[in-house]
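The next part holds the structures, each set out as structure tokens.
Both of the next two complexes hold subunit A, though its partner changes from subunit B to subunit C.
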Partner chain A sequence: MTRKPRGRDERSPLSSLALHATLVVATTIALFPVVWVLLASLKPQDAIQSTEIHLFDHPTLENYRRVLFETSFPHWFLNSVVVAIFTMVIGISMSATAGYALSRFNFPGKRGVMWLFLITQMFPVAILIVPIYTIMANLGLIDTKASLVIAYCSVAVPFCTWMLRGYFDTIPPELDDAAALDGLGPFKTFWYVVLPLARPGLAVTAFYTFLTAWGEVAYAIAFILSDKNLTLGAGLQQFVPRFNPQWDLLTAGAVLIMLPASLVFYFAQKHLVAGLTAGGTKG
Partner chain B sequence: MSTPVVFDAATRLYPGSTVPAVDRLDLEVQPGEFLALVGPSGCGKSTSLRMLAGLEDVSSGSIRIGDRDVTHLRPKDRDIAMVFQNYALYPHLTVGENMGFALKIAGVAKSEISTRVADAARILDLERFLDRKPKALSGGQRQRVAMGRAIVREPQVFLMDEPLSNLDAKLRVSTRTEIASLQRRLGITTVYVTHDQVEAMTMGDRVAVLKDGVLQQVAAPLDLYDRPANVFVAGFIGSPAMNLGTFAVEDGDALVAEARIRLPRATTDALTTGEVVLGFRPESLERVPAGTEGAFAVEVLVVEELGSEAFLYGSLGAKLHNPQLVAKVEPRSVPAKGSVVHFRVDPERLHAFSTTTGEALPTA
Partner chain C sequence: MSLSTAAGSGVTPGPARRGRLRRTFDKHWYAWAMVAPTIFVLGALVLYPLVRGILQSFTNLTETNQRAEVCSKTLGGAESCTPNPDRWHWVGLHNYTDLLTGERGHFWLLLENTIVWTLACVLLHYLIGLGLAVLLNRNFRGRSLYRVLLIVPWAVPAFVSAFAWKFLFNPKFGLINSVLVHLGLDPVEWFNHRWTAMFAAVVTNVWLGVPFMMVAILGGLQSIPAELYEAAEMDGTSPWQRFRHVTVPGLRPVSSTVILLGTIWTFNMFPIIYFVTGGQPAGETEILVTGSYRAAFEGLRNYSLAATYGVVILALLVVYAAAYRRVLKSKGEVW
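Let's turn to the complex of A and B:
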């Protein structure tokens, strides 16, 4: 009996089986909560808490209608969009420029800045929340969206600066030299040469800053007092008070909250292409 | 309309280092001249070029382009184009956009940009590639795009930093002549850096030799070959290298192994010690019968037959700076390995250098 020789990239059936089994288990674990929330959001209120478990039980969009038309959800949603987009835009501009400076220029205190950015990331939110609250209170920013944008940037910018600096370091500095000879100053070099090549890095940073702001709860609860200024993370909590939680509204809200994040991810991942700088230098 | 370039005691001391990478460089490049800057790795060639481009600060001294002092001008204000060793093409732009980028930034009209890019593309045979990205080109094509980006600018000065070092040997030779003839056609003052002395000798109107940041000699290629100013230039220029050795001097004769080589009067007069460094090129060695006056015996170790010429590597009864003596011999009738042959140095083509300073000594 002759066996077909196995190709270089082929696995034995057994290892293939083991691999796929592992993948299936891992995927199930990851997807289960999401799918469960999605299924629950389609059930009537009493069916969600029923002890009998069905995948589908009188599927209905009633929960969504109520969340969208009978609660402040649309308002919170808008607030979150505003906060997240501002965080994203401000965060990226600040970390991209800072990262570029750290990558390309030598200036006194450069090491100190980098250490500072590293160390600030080590403090948990729980510790930072009180001092930042005091600062916001002194600035008169409590109960404003600006307070959240500033707080989220303080979380995201140090990390993103490090990340983008690392990315800029991979772009050959000869390109900056070539740009300088082609008549570009530092800002134009940054804009026309470095940024276009850093697209993947920027996309990841954009997604990260967006997420930092989008689902955040702790700062939002601490800084925002009035219902009309609440963001989604904080607002959704109101559906599940200690007594009498409204799981129907919560699950529908949770599904809706995923949509914009997925949308941003969709646009970000399009830019996650490798090899943008290929071919520029060497042979 | 060509522009001269002048380095006036230009020095570059990198922060944190104690010896300057370029030390008081005095160099005048004539208008329209092709100046080749050559030297071993780390001698400061790139640094000199980058100082001229404005990419590196000048610690002291000055640099002039035409009648402008550019020492402290930014690169973009110097009207210079540079071809980088690794090309440094913009990967996100097409070939055409790469070549027209500087003009676009300068605000030149679109139609003018496209004519100038098209002209350059025709000269460099790049027309088919204008819409491609650099990553879809071969190394040689990228090299031409880098050249194109420079000529589209019509700058006052071209700078090239080892633009051929990434090409294979054959392409290097053909591109070498292309660049040289292109430069002659455009008549734009060019400073060309290379570590390859053959490249420098074949391309340059004049060649400047640099060592450890110090300029050794600037001269036309043949002058450099025939009249090296010091031991370093003598050994660096020429392939295979000149034979150099330190020999004792007795009664006006240098003692080279068993031979006595008569030194010119001018040379002996200039000697300050009892020794002299002699240099003779492989082709200045004449094969003679044993017993001829001034001849020394050489034991043949290797013979390189290249068809049109042949080089013999052998050992001499005296120590040379290089481990072996090299002689050019008649091809196709070369002595056998292990045999002993006799050579005499053509007295007209003998080079003598001081053992203390390394400077050339007068031979006439």
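Let's turn to the complex of A and C:
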């Protein structure tokens, strides 16, 4: 029996169907916890705790009203925004400059620095958290946002430097040379020539740092003591203590937390694949 | 003194060396200036705490014995301080022997959990990520829509996913048990057994981690030259053969990086276990990182025991990374 070998991009209707079916199932699994939490957040408390499966059950915004006006949630939210934005700005500035230097210049100590960045990825939060806690206590920074920004930068910067270095490597160094010929110093070249070209890479890194800060909990629970200073990760768990958890507050809070993350995500995602590839394959 | 004479003559070693230093500095100062802030912060916040943490693991430091002085207020309001008689002191390897023999904590249980947890998560991350990436790497309508939707779990913060899944796995009214009941099956008390609780945590983490793997592998797939596939097709190979002999080798650089990173990240993954199982039932699903955290910040804060856990975790990861690198090297990988 002879059969014409099929090219890669032609498919029989059957395999096309299988392809779409698989992807639809995968997409459903990816979305349904988010959708279910969203649906649950619109139900009154007794409906959330019912064993019957209803998509909608007396939809109401009461849970949101309570979360926003009767709990410390707005404080936590604001704290998280401040911490995440500061971490993002400081982290990006540091890792972009360091990544550029590592990508362009051959200077003594470069290899050591690269190793340092890779190795810090391995340090478990478990070994650093107690000493960092002691340092913060000595500096009087416990229970402040600054302690969290500093701690998160130390987590995010090595990875971002590594990724941005990979991204800068893909920008032709001839551009730097041309800028140098035009009389721009290394800092100006970096600022006016390379940074604008590196926007996609910067977007991914910004996304990464933002999410690191937005979603971190271990440091947040350990460093922050007073209710008003908590960030979302540490605060949200107060809605669901082991006894008498309030899932109505939790689901509404969870939706409000996912919103900004998905906004940042939406803006970063079109650069996501390109940026990660450039950083990732470099290794 | 001009630079050229000092460097050129080379007779007097002192100035010549200074000249060379000077020239190195002139040539590289901006590179160093760009790296310096990062190095400084990492030094202060990663290396210094690391050294401190290692030292702490050889002491008996806890919440109660950390003060150098004990102060008490007198009636007049003045403070009088005396040296703390029960101050922490060096205990050598005491913490390590206690930990490894199970005298304090449940190290071997935690290690077993950590290994099961890491293996299951990384394996599923990689296989599902690879499968989806291969599907998404084809040309078909709606591909970019699928891609955006499939990355959604990545945009959800880990602790939110943890609560979302804990909600779904809720034994009383969770969606999963409701579905089981509808299908005529018995509901499962997810958090009353070690392995069902671990299963819930693994499901959560797999859901959370697949998008990263998928995106990274997709990037790797797109960097494989299309000519390789065309050549393979000309030779009349089957799709499986093309996958086996073109895709898999072409992905190796990306795979080796993401698997190593994925293992390290999963090994240290704190929020999922902490929030989903919370160690239920009775600490049987605790992993090393959460165990260390609880030692440090719950009950009587035992900083030295937590540090000991940390050192052991770090040692395990370093050994793993070294072995991993060795295996790659023996296969001729340049990494």
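To be clear about the criterion, the second predicted complex is superposed on the first by the 258 of 283 C-alpha atoms of A that agree within 3 Å, B and C clash if a C-alpha of one lies under 4 Å from a C-alpha of the other, contacts with A are read in each partner's own complex, and residues count from 1 in each chain.
Note that a contact is a pair of C-beta atoms (placed from the backbone, for glycine too) under 8 Å apart; a residue touches a chain by one contact, two chains touch by 3 or more.
Source: prediction; values computed, not measured.
In the superposition on chain A, no contact is made by A:Pro59 with either subunit B or subunit C. Judged by the touch definition given at the top, the superposed model places A:Ile29 against subunit C, while subunit B stays out of reach.
Taking subunit B and subunit C in turn and counting the residues of subunit A each one touches, the greater count comes from C. When the two complexes are overlaid on their common chain A, residue A:Val193 makes contact with subunit B while staying clear of subunit C. In the superposition on chain A, A:Gly166 makes contact with neither subunit B nor subunit C.
Look at A:Pro74: by the touch rule set out above, it reaches neither subunit B nor subunit C. In the superposition on chain A, A:Asp177 contacts subunit B only, with no contact to subunit C. By the touch criterion defined above, A:Ala126 reaches subunit C but does not reach subunit B. Shared contact residues of subunit A with subunit B and subunit C: 185, 276-277, 280-281, 283. The touching residues of subunit B, when paired with subunit A in their complex, are 50, 53-55, 74-76, 80-82, 84, 86-92, 101-102, 105-106, 133-139, 142, 149, 153, 166-167. Within the complex formed with subunit B, the residues of subunit A that make contact are 172, 174-175, 177-185, 188, 192-193, 196-197, 275-283.
For subunit C in complex with subunit A, the touching residues are 24, 27-28, 30-32, 34-35, 37-39, 41-42, 45-46, 48-50, 52-54, 56, 132, 135-136, 138-140, 142, 146-161, 163-168, 170, 172-173, 175, 177-179, 181-182, 207, 210-211, 215-216, 218-220, 222-223, 229, 233, 236, 253-254, 256-258, 261, 264, 267-268, 270-271, 274-275, 278, 288-289, 292-293, 296-297, 303, 306-307, 309-311, 313-314, 317-318, 321, 335. Residue ranges of subunit A in contact with subunit C, taken from their complex: 5, 7-9, 11, 16, 19-20, 22-23, 26-27, 29-31, 33-34, 36-37, 40, 48-53, 94-95, 97-98, 100-102, 104-105, 107-109, 113, 116-117, 120-135, 150-151, 153-154, 157-158, 161, 185-187, 190, 211, 214-215, 217-218, 221-222, 232-233, 236-237, 240, 242, 247, 250-251, 254, 257-258, 261-262, 264-265, 269, 272-273, 276-277, 280-281, 283.
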